[in-house]
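Next come two complexes built around chain A: one with chain B, the other with chain C.
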Partner chain A sequence: MRLLAFFKTLDRRFIFLFVGLAVIFPFLLDLDLPEYPTVMVKAIYNTVEGLQPGSLVLMPFDYDPSTAPELDPMAAAVVRHCLSRDLRVCFMALWPEGQGMVSNLISGTVQPEFPDKVYGRDYVNLGYKAGGQGLINAVLLNMRSMFTTDAAGVPVDSLPIMIGVTNLKDFKFIMNFSAGRPGSKEWIQFAGDPGRIPVASGSTAVQAPLLYPYYPSQMVGLMGGLKGAAEYEAALLAGYPRFKDSRRVATELMVPQAMAHFVIMLFIVLGNIIYFAERRAGKR
Partner chain B sequence: MRRTVPLMITFIVGLTLILAVFIPPEPFDTMNREFSVYFDIIAVFAFVLGGGNLLRLHGDRVYRRGKDWKFSIVTLAGFAVTLVVGLGKIGGPPGVRGDLMAPGTWFRFVFNAVLTPLSATMFALLAFYVASASFRAFRAKTPEATILLVSGFIILLGRTFLGGILTGWLPDSLSFLTIPNLADWIMAWPNTAGQRAIVIGIALGVTATSLRLILGIERGYLGSD
Partner chain C sequence: MNLSPAELWIGGILTLMIFSFLYRDNPFYKFAEHLFVGVSAAYWMVQGVWGTLMPNLVAKVAPGMVQSFMPEAAGKNPEWHYLIAALFGVLLLTRLVPSIGWLSRWSLAFVVGYSAGTNFIRYLQSDFIAQIRSTMIPLVVQGQGGLDLGASFSHLVLIVGVFCGLVYFFFSKEHHGALGRVSRIGVWTLMVTFGASFGYTVMARISLLLGRLQALIIWLRLVSGGS
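Presenting the complex of A and B:
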């Protein structure tokens, strides 16, 4: 009973300490666990595989640095895949911070790993625009009315990648990375459905359950959280062994996340043992 | 008159926007395009409004030495610094349209060295509070709470390698009972059914509220006087 009393009045700083250790410790072990792509993640991979080289892919980055650990790895994996397939990628953002996330991805992944790809011809950063779903509706009908320049102020008419692009229907695929609203739901409702454009979502684990109703008829696939990103990295590595030396951040982070989950589960079990022991003692 | 004119504006604009979306031929198609652009132009002004509101709220708190006024100084200083380095494009290419995030810009430094770690830290703290709250509150007190607890447990396990290890020994004929498969089933069926019901409910609610506004039944937005 003394042990029970100890756990019942357990200082929450002990819990914090355990969670902290559970996250830090796996980094020291450098474990690499196998991941297998699930149907929803494989569907995104297959969609990218099915696009003709030269096809335009729109990638709205609708997230901010707080969710970057989950969404940056999946964005990097999909961008690697698209550029390897010689697809042309247009980045944009409905979140103000999204433009910064795109810039970091371009300087951290695209430029070092794809030096042969040319800005303005193979990829472009159209930057942030306000308006949320209103903006999606506007660019579905007329892209040029909202995007006259790219993020650096260069007129889009001077960029080869934008030649022939009049509205969203010129894109063969929309791969949205989303941490909330406006995000994947808005892209499905205001672009994918009315424009009949395939939309897929890479979203935070918290948001992923909200998007399940849209799969598979309105959304071609879904990557949920770090696990979704790790699964995409696994699919990419299986299809493109040249990326075996590229850093697979999501796969690396899955171990600390799994350990944190494990600690949380232990505390839930412990909490319930205390609850039932108390209830039993009360009945006596 | 003070009530009739806003009600008329709401009715006409609401009806026109609905017609513009649902009727494809001209002039409705052009109207749909133009209205979308108007909306986006108006949305930009929300930033000015938001910035002004932030200055007023925190400026007032500092002036009156209100609760936590020292934090308001930090907020105002952060706002001012970001605004100056962003609008001034300090360290970046010249010109009003220069890229804010170009290599070497001060704004890029603020974004990567201040905003990113601060945001990540705030979000990461959730893990600690979730663990603490789960320990204290996630109890099998009722049948409903037990179902939630078991579902949550399966999802947590199924999203990690532990789920596969714990039930990987099951024969192929019972593979549907492996924890990752059970987690997928919970997400694909009970979760989807619940989410779909919520989405349909929200859509019906939005439609009803919109109709009440357009028809002038709902007048709360006009204020009390």
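Presenting the complex of A and C:
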């Protein structure tokens, strides 16, 4: 009983310490866990594979730095895939901070890894626009009225990638990275469903369970959290071995992630043992 | 993302300040928290002015005034009807003056009306009708080599889960007997859903912790003179 009393009154800071050690320790070791893409992640991969070179892909970055560790790796993986397939990518954001996330991705992944791709011809950053679902509603019918310039203020009429783009239906695929509202749910409701445009979501793990009901009839695939990103990285590596030297951030973080989950599960089991032991002692 | 040494130092120190809250509340944590709120508010305000107000209002109403730094406005004629939207925006600010604060209700009525109208249609089509359609699936799925057991079981779980979950929320009859047993399965379905959500939430929070730790390691390497 003394042991039970000790665990029952355990300072929560010890739990923080254990979780901290569980995630720091694997960083010191160079370990990898094998990753296999699940059906929903593979569906996104196959959708990108099925697009004709030159097709337009819209990538709204609806997240901010607070969720970047989850969403940046999946955005980098999908962008690598799209540019390798010679698809043309239009970035935009419904979140003010999303514009900065796009800039980071362009400077950190697109420019160094795809030096042959030209801004304005192969990809463009249309920047942030306010309005949430109202904006999606508007660009479904007329994109030019809302996006007159790119993020740097360059008129879109002068960008070759925007030639012939009048509304959302000109995009063959919408790959949304979402951390909340407005995000994937709004893209499905206001663009995918009414415009019959394939929409996929790369979402934070918190949001992923809310999006499951839309798969597969209203959403072609779903990447949930860092695990989803690691699965996409695995699929990309299997299909494009030339990326074996590219940094796979999500895959690198899967070992500390698994260790932390293991420690948390231990504490959940321990908490339940204490609960049942106390209940049993109370009955006596 | 490639950060400069100064940015790494700022990021590293602020991360440690925030993490210090895990031990107890302290002035370092408070400083970092207030700094974050201030910087966020300023960022949103700048985005609001340059990302929304200037291109969507000033450039439309007075293009000549902004054409020197907004080339897309050059040569455009003023579109005066945008002043109606501006008026509604100004009316929202009347809440700051209690005696005429009621005027802001006109703007709010417009916002609520527009949102309710568009959301009603889209929710009805995407979250109601489409979801019902997605639940109307065959219980027996035939694969290429005959019965697809995995898919059939998956469909069965989905249909039973939805049905029992709906029964749980049926309050017109007391949950006894057969109804009670079906409702009980509905409770279990909900518990599994909540468990999955909790698991995903844990994963998300740990992922964010890992992101900060990665940044801290890069900073510590810089501090220790490594690359």
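In the analysis below, the second predicted complex is superposed on the first by the 284 of 284 C-alpha atoms of A that agree within 3 Å, B and C clash if a C-alpha of one lies under 4 Å from a C-alpha of the other, contacts with A are read in each partner's own complex, and residues count from 1 in each chain.
Keep this in mind: a contact is a pair of C-beta atoms (placed from the backbone, for glycine too) under 8 Å apart; a residue touches a chain by one contact, two chains touch by 3 or more.
This structure is a prediction, so every number in the text was calculated from the model and none was measured.
**Student:** Please indicate which partner A:Leu10 is in contact with in the superposed arrangement: first for chain B, second for chain C, both, or neither.
**Tutor:** Touch status of A:Leu10: first partner only.
**Student:** One more residue to check, A:Glu113. First (chain B), second (chain C), both or neither?
**Tutor:** neither
**Student:** Does the superposition put A:Gln257 against chain B (first), chain C (second), both, or neither?
**Tutor:** both
**Student:** Just chain B (first), just chain C (second), both, or neither: which does A:Asp193 touch?
**Tutor:** Only chain C; A:Asp193 stays clear of chain B.
**Student:** Tell me which partner A:Asp170 touches in the superposition: chain B (first), chain C (second), both or neither.
**Tutor:** Neither: A:Asp170 stays clear of chain B and chain C.
**Student:** According to the stated criteria, A:Ala205 is in contact with first (chain B), second (chain C), both, or neither; which is it?
**Tutor:** both
**Student:** Output the chain A positions appearing in both contact lists, the one against chain B and the one against chain C.
**Tutor:** Touching chain B and chain C on chain A: residues 16, 19, 23, 66-69, 97, 104, 107, 129-130, 134, 137, 149, 153, 205, 208-209, 213, 225, 227, 257, 260-261, 264.
**Student:** Mind listing the chain C positions that touch chain A in their complex?
**Tutor:** 1-2, 22-23, 43-44, 47-48, 51-52, 55-56, 69-72, 114-115, 118-119, 122-123, 125-127, 130-131, 133-134, 193, 196-197, 200-204, 206-214, 217
**Student:** Could you list, by residue number, the parts of chain A that touch chain C in their complex?
**Tutor:** Touch residues, chain A against chain C: 13, 16, 19, 23-24, 27, 66-70, 72, 96-97, 104, 107-108, 127-130, 133-134, 137, 148-149, 153-155, 188-190, 193-194, 204-206, 208-209, 213, 217-218, 224-227, 249, 253, 256-257, 260-261, 264.
**Student:** Hey, which residues of chain A end up touching chain B in the complex?
**Tutor:** It comes out as residues 10, 12, 15-16, 18-20, 23, 33, 38, 64-69, 97, 99-100, 103-104, 107, 129-132, 134-135, 137-138, 141-142, 145-146, 149, 151-153, 205, 208-210, 212-213, 225, 227, 254-255, 257-258, 260-265, 267-268, 270-272, 275-276.
**Student:** Taking the touch rule as given, give the residues of chain B at its contact with chain A in the complex, in rising order.
**Tutor:** 32-33, 36-37, 39-40, 43-44, 46-47, 93, 95-103, 108, 111-112, 115-117, 119-120, 122-123, 127-128, 130-132, 134-141, 149, 152-153, 156-157, 159-162, 184, 187-188, 191-192, 195-196, 199
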